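What follows is subunit A paired twice: with subunit B in the first complex and subunit C in the second.
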Partner chain A sequence: MNFIILIAAGLLVPVFYKSNIFIAKLIAVAAFVASAVMVYNGFGLNNVFPYFVLDGSTKLMEYVLLATLAAVTLSLSGFERPLIAQMLFVAGASVAILETNNFFIFIVLFEVIAIISYVLVANIRNFYNAEGAIKAFIAGAVASGIILLGFALFSFVTESFNYAQMNVQGKFTLIAVAIMLAGIFYKLTVVPMHAWAADAYSQVNHAAAAILSGVIKSVMLVAVFKAFYKFLVAYPGATVLIFSFFAILTMTLANFMALWQKRISKILAYSSIAHSGYALIPFAAAASVYSYTGVLYYAIAYIFMQTSVFLILNDLRREAGVKYLEDIKGLGEKAPIHALFFTIQLFSLAGIPMLAGFLSKAVAFYAGIDAGLWPIVLIGLLNSALAVAYYAWIVKHIYLNKPVEGSVKKINISPGSLIGQLILLLGTVYFGIVAVQVFNTTISM
Partner chain B sequence: MNNAVLVLLCAPFLGAVLAYVLGKIKINLAFWVAEIVGAMLFLASIVIFINYSDTPINIDYTWIAYGDLRLPFGIYIDHLSIVMLLIATGLGFADIHFAHDYMGNDPDQPRYYAKVLFFIGGMVLLVITKDLIGAFVGWEFMGLASYALISFWYYKNSAADAGMQAFLYTRFGDIFILAAIGLLVYYAGTLNLVELNEMANAGEISKTVALVVALFIFMGAIGKSGQFPLYPWLMNAMEGPTTVSALIHGATMVNSGIYIVARLFDFFSYTDALYIVANVAALSAFIGASSALVQKEIKKILAYSTMSHLSIAFVGLGVGSLAAGMLHLVNHAIFKALLFLSAGAVIYIAHHTKDAWKLGGLIKTAPFVALFMAMGSLSLAGVPPFSGFFSKEMVVANAWAHGNEFTKVFVTIAALLSIAYITRLWVLLFLGEPRNEDIAGSVHAPSNLWMRLPLGVLAVVTLFISIWQSDIVHYVLNGKEEVEPHIMGLTAFMLTGMLILFLIVIGLYVKGLNLLYKIASHHFVMTIHQILFNGYYVERMITWISKTIVVNAVAKAARWFDTNVIDYLVNATVPATQGIYKVFRAGHSGKIGTYMGQFVIGVAIIVIAILIIVKGL
Partner chain C sequence: MVAVDIIFAPIFLSVLLYFLTRNNQYMAKYIALGWFVVQFFIAFSWYNALPQEGFLELGSYLSVPQFGFELTLRVDALSVAMLLLTSALLILVVFTSWEEKKQAAYFSLLVLFSGPIFGVFMTTNVLWFFMFWELTLVPMFFLVGYWGGERRIYAAVKFFLYTHVASMFMFVGFYLLFKQTGFWDLTLIRETALATPALIWWFMFIGFAAKLPVFPFHTWLPDAHVEAPSSISVLLAGVLLKMGAYGLIRFTVELMPVTTQEFSIWMLIIGLNTTLFAGMLAIYERHIKKMVAYSSISHMGLVVVAIATMTYDGLSAALFEMIGHALVISPLFLIAGWLHHKTHTWYMDEMGGIMKKAPYVSAIFILAGMAALGLPGTMGFVGELTIIISAIKSFGWWIAVIAIASLISAGYIIWSVRRAIHGEMSPIVQKASFTMSYPEKAALAVFAFMIVYFGIQPQPIFDLANKAFSFLGGM
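Let's look at the complex of A and B:
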């Protein structure tokens, strides 16, 4: 039901683009709320098709996803209106990929989301947008091909596509999974398949980047973990080796790259890549009973903070042309509300306690410790310490530096943005303090 | 019932945000938000009080349960909590109401009310929580609010310093509580306050550990409740608005130390820690009472008296009588709030003059305030039939029955001296002729609704609560039995002593000011006066210790290490990270061909890894 509501709204919304953007937003938000209510009452795709399951953790992730997308919808400006319908489609595909327990459907939806994301970045306004969009598209197309190759191989050897009954034995399965993982690592921006993301996230429209790097990535994290869980557990040696290696590589390289950037969007893009690295730690620790909790908590925390920072940057760029660190000097005076939201979310990204970013890291790292991967956790901790440097660097520019002469005097926040940011902030603070929901929903796994 | 608990937990914090935000839009709204939230909290407490059946309200909730780590966050409301709740929310409400006029001209009202509500939230959290974790959070919330409210007028250096001092002194005590939490997790395996008492009753925890834990918790109580030697912050805290002093440093927050000891009373009794509690408290009671005799500022007199009376309550607990300690806490909270608010009214109508020696003869302009303050003073002095009489008698009798010589003597002196300093204060403020013409000329009467009403209500309560003294005792004891000692002649002795002291003070300050000046100019008396006036130089001693040992020795060594070793290493990271960045950057040319190449490398790594594993299968 939730799926149908979202898709129907997605088809309906473009009708109002020309006449009244406000109604379009209203319909979108209403659709998000309505499908959340449906999810709450247990009416997911599971009532319609046999290949879907709606359990507690899926419900929680869907609430978080829908709330975030509603927040994004509210903060969009007029010329970003195409995103509204696209987001409804993203939501539809996301709830489906979260609910499915069938590998075939997983692959199809994975490609669907990839295609929607090419459309998302296609809101091209200038040369930079075009460059980012083309890079995302070409790299994405290659990855799709790779995934399909792996999947084709896999479909020869398995007898069932159900997550629980999939065939995990045999050399061909292993090779098929490896090839699929290569494509999926591309989507999750794992080094060395990350370079497209550093350019695409920072160059496309920031609102699209928020959806791409925040929402879609979080959904992918959870969905991929559920889809591949059986393989991860079946081959602990390979899992630990591959995921640990890529986790270390990803977070280290991305953090060092972020440290010396001058463009804010680039810092945020590399930060997003680094966070993929942290999120791979619970994947490596799949043997631990806490691994799913780690992934889910990471996705939930990450979706709020990453979406929020890109949306704020979108506001600032639109209102004051903010691009480089130089431009946000004295932002605390010029745009106090933006500055406050930005600071809290950056602190969350850095992992300051009482915010979701801290607890998610703690939970994810705990899973690593539980699986005996303490060297990787140690490197993760060192990396988070290093990462504080560039987050704090942004905050330092916001509050401690005087504004540059002749820059814009005052930046006001629109009511829609304010509500959207409040929703995201609420998520960041709530999941930074109240941890028990996430734990309770993941006990079954 | 559970709804009332939810209101108590959430309303103060939501109200704090709301008061600030709405207050920024229209300044009056801040007060009204605070007033409504205050009334709501008080109502919620009354609802709990009325609907309470014999079983405690017990809500278990786990905050974090992950692997072996378990942080519970439970709610536990029994008679003790309800008494504390009524005090905290009732006096909080009265205080907010009073602040309408007192803070009426302040442009920072939104900030003020937000902080006050935040404070009440912390206090409520402390008294209804079931676990030491929640209690510690509430404890620290109050510490933070206290810091913020003492330095409310932060542009005054003295206020900013006083806030900082309060924070440091109380934090010093709090560190011990944190240590106690750690010890309990390790040795007892529980932080549940109820279970700790049960464990102590069953003797399931080693006595040594329990003693250390109890003393550590008492250290926290010393800091929070202004006991020797961590009391100087309480006197300097008077830099804050008087309404703040009334609520935080007179009636509620300073009680939290007593509350935590009362809550863990069985645990404390089990370890003989009460013996130390009684002795430290008796000494503090004496220091507070004697120093209060010579202070000049109205609020400092009240601050020292607060210290002294909190100590008397502590002595009650320390000599093994939960009832006496808690009864005095309740009575003291009410009459001290009354006294502080009366002092606030005096200060308000005298245009923020705080020196009692500059005032005088105010009974003509503010007869009602004089009356209400007199009632508070009589209660504090322990004159029957006011409430203070009963609880003070009970503490002193218990001290004589169960305490050692030191405790007996000092607590009795302290109890007697209270009539002297409070009479002195009242006489200085209200009788005689105005000593300063400028101030006397501009004094105006306080308003009925906002100032006299809360004072009147509190005065009536402090008189009529005497009727229910034994009911309060039974309520707090909740089925436990305590034998109330009766010592022949003690009451008569106390009353006689009080009468003599009363006559001496009246004689000196009303009729014999010249004689007083003559006595005071004597060299020996002047020395004693200096010692008492400076609170036995404890503050200076603490400052000296922290300066010579902490700052000059430890901190300087640490600084050398920091600048020469740590900073060097930190600075070295700059070229190091830059070097790594330059290496990594080579791969980010922006050309999509390069990226595809890297992509292939990634695929290759995975495939090779898998092939190695496949080979091994």
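Let's look at the complex of A and C:
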């Protein structure tokens, strides 16, 4: 039901684009709220189709997803209106991919989300946007091909696509899974399949980047973990080896790359890639009971903070043309509200306590310790300490440097942006102090 | 509920304070002062309610049964001593930063700092301890980075990164504690056997050692202390360094006594090294605030030596020296910063003859300096004497070499007094005008009073130590 509401709203919204953008936003937010209510009452896709289940953890992730998208909708400006309908479609496909328990449907929806994301980045206004969009498209198309190859191999050896009944011991399963993972790693921006993301996230419209790097990636993390869980447990040796290796590679390389950047959007793009690396640690620790908790918590925290930082950057870019670190010197005086939100969310990304970024990392890394991978967790923690360098560097420019003459003019926050940011901040703070829901829905005592 | 409010209220209070006083900045310090006084009296009420031994329960909140993650608040004599010290220093810091610029932001950051620092000393849940521990860095980062000296940004970023990296090692130690026992709560962990105590011990030690700081991990401290405004140096030396010593006592001595006994010789060597090495550097230093900073490191090395003894006497001496260090080093930092503010030079050989122009401040500098070198009748004497006696009792006569540390400190203190305070009046001093506001003078007087009072009457602190460390034997 939630799926139908979201898709229907997505089809309806473009009617109002020309006449009144406000009504379009209102319909979108109403659709998000209505589908959240539906989810609360248990009316998901499970009532309409088989192959879907709506359990506690899925519900939690869907609330978070819908709240985030509502926040994004509220903070969009006029010329970003095509995103409203696209977001509703993203939401529809996302709730479906979160609810499914069938591998075939997972693959189909994975491609659907990929296609929506190509449309999402196609809001091209200059050469710079175009480069990012083309890179996202070509890399995505390659990834799709690879995933389909792996999936074709896998479909030879299994009789059922149900997550619980899949045949994971077949002859070519390991190679099939490895090929599928190679494609999926493109989408999760794991080094060395990350190169497109660094450009795409930083060069497309920042609101689209917020959805692409924050929302879609979080949904993918949870969905991929649920789909691949049985394989991860069936091949513990390969799991630990593959995921630890890529986790270390991703976070280390992305953090070092982020340190050299001057363009803020590029720093945030590399930070997003580094976060994929941290999120792979609970994958490596699939044997632990905390692994799903870790992935879910990470996705929940990440969706709030990453979306928020890109949205603030979008505001700053639109209002004051902010691009480089130089441009945000003295932002604390010129745009105090933006600066405060930006700082809190950056500290959350850096893993400062009382914010979701810390507790999610603590739980995700604990899964690693629980599976006996403490050296990898130590590398992860040192990496997150290293990452503080570039987050604190942005904060340094905002508050500690004096404003350069003519760099930023005074910026007021629009009411829509303010409400959107408050929703995201509430999520970041709430999941930074109260963790009980995440544990209740994933680990039963 | 008071217990949990005292930690979380400052977060809201600081935001409120900023927006309330943005347009009339002079109000900020009164509100902040009021809050710190409230904190002091709450801590004092716990001081009165302390049981003879063990913890005073203050409730637990925010439970997650599957992860054992629960904000458990309880205080014992050691934490109450730290809480009283922290809130007393915060009150004094309001007076010493009476004329700071941008007061609304400054005091709201101080209020923000007062929450997590109380949390560090109040919780026995390891994960929450770590959260509060890290959270104290954020207000300090801004306080050093915005209000500091010329190289403030470098110092702030270095301080933040350095202590954050060290904390990550500590965090792995905490993770392993939970993995091997299944509890986050200290009182429960203590009763469970650990599989790899040595590994955990070293991971945790690195975290605390960087905060203390001891010799190989000390390089953040001179930069941070020199660049920070003097009032913030007081908090760095008086409170943040104490977090390291507090953690060392709570997590090594109390939590894993057998392992600590095993590695106590390493702690002793590290502590001795720190004391002597930092003392040498202080002698070499011309920069007055750096000299004080190295003297601070040197004294914290003595605390490590005292903790390494693992005896009742040693830990009591360590607690006394922790408090003594806070009260002695603070006026030195304040005066060093004030002298720079008035003379615009950091170098002691360019000062000289300050006694003639600013006798009050010079007298307090000399008094605090004498306390730092251990003159009888001051806190420094009691602290250093008890440490040396307890170390000799535990490790044998050879440890009397530690007395060299006292000699070295006599060297740099007396020489700096000779260069800066007495001697020919230099042209710089001749030109400068040495006026000090009354709140600052009052704060210095309070420090001077406490140095002498606890030097003659150390019993209140040793009573607290008796309650805190009675499990080690006691008197």
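A few notes on this one:
In this section, the second predicted complex is superposed on the first by the 441 of 445 C-alpha atoms of A that agree within 3 Å, B and C clash if a C-alpha of one lies under 4 Å from a C-alpha of the other, contacts with A are read in each partner's own complex, and residues count from 1 in each chain.
By our rule, a residue touches a chain if its C-beta (ideal position, glycine included) is under 8 Å from a C-beta of that chain, and two chains touch if they have at least 3 such contacts.
Source: prediction; values computed, not measured.
Once subunit A is used to superpose the two complexes, subunit B occupies space that clashes with subunit C.
Once the two complexes are laid over each other on the shared chain, residue contacts for A:Val233 go to neither subunit B nor subunit C. Shared-chain residue A:Leu422: touches no atom of subunit B or subunit C. In the superposition on chain A, contact is made by A:Leu381 with subunit C only, not with subunit B. When the two complexes are overlaid on their common chain A, residue A:Pro353 makes contact with subunit C while staying clear of subunit B.
With both structures placed on the common chain, the touch criterion links A:Leu181 to subunit B but leaves subunit C unconnected. When the two complexes are overlaid on their common chain A, residue A:Tyr366 makes contact with subunit B and with subunit C alike.
In the superposed pair of complexes, A:Val15 makes contact with neither subunit B nor subunit C. Judged by the touch definition given at the top, the superposed model places A:Val190 against subunit B, while subunit C stays out of reach. By the touch criterion defined above, A:Leu400 lies against subunit C but remains apart from subunit B after alignment on the C-alpha atoms of chain A. It is stretch 171-179 of subunit B, out of 45-53, 171-179, 279-287 or 513-521, that runs into subunit C when the two complexes are superposed. On subunit A, the surface patch touched by subunit B in one complex and by subunit C in the other comprises residues 290, 363, 366, 370, 386, 434-436, 439.
Partner subunit B is touched in their complex by these residues of subunit A: 134-135, 138-139, 142-143, 146, 171, 174-175, 178-179, 181-182, 185-186, 190-193, 195-196, 198-199, 235, 237-238, 241-242, 245, 253, 256-257, 259-260, 290, 293, 363, 366, 370, 386, 434-436, 439. Listing the residues of subunit B that touch subunit A in their complex gives 61-67, 577-578, 580-581, 584-585, 587-588, 590, 592, 594-596, 598-599, 601-603, 605-607, 609-611, 613-614, 617.
Residues of subunit C that touch subunit A in their complex: 11, 62-67, 69, 127, 130-132, 134-135, 137-138, 141-142, 145-146, 152-153, 156-157, 160-161, 164-165, 167-169, 171-172, 175-176, 178-179. Against subunit C, in their complex, subunit A makes its touches with residues 290, 347, 352-354, 358, 362-363, 365-366, 369-370, 374, 377-378, 381-382, 384-386, 388-389, 392-393, 395-396, 399-401, 433-436, 439-440, 443, 445.
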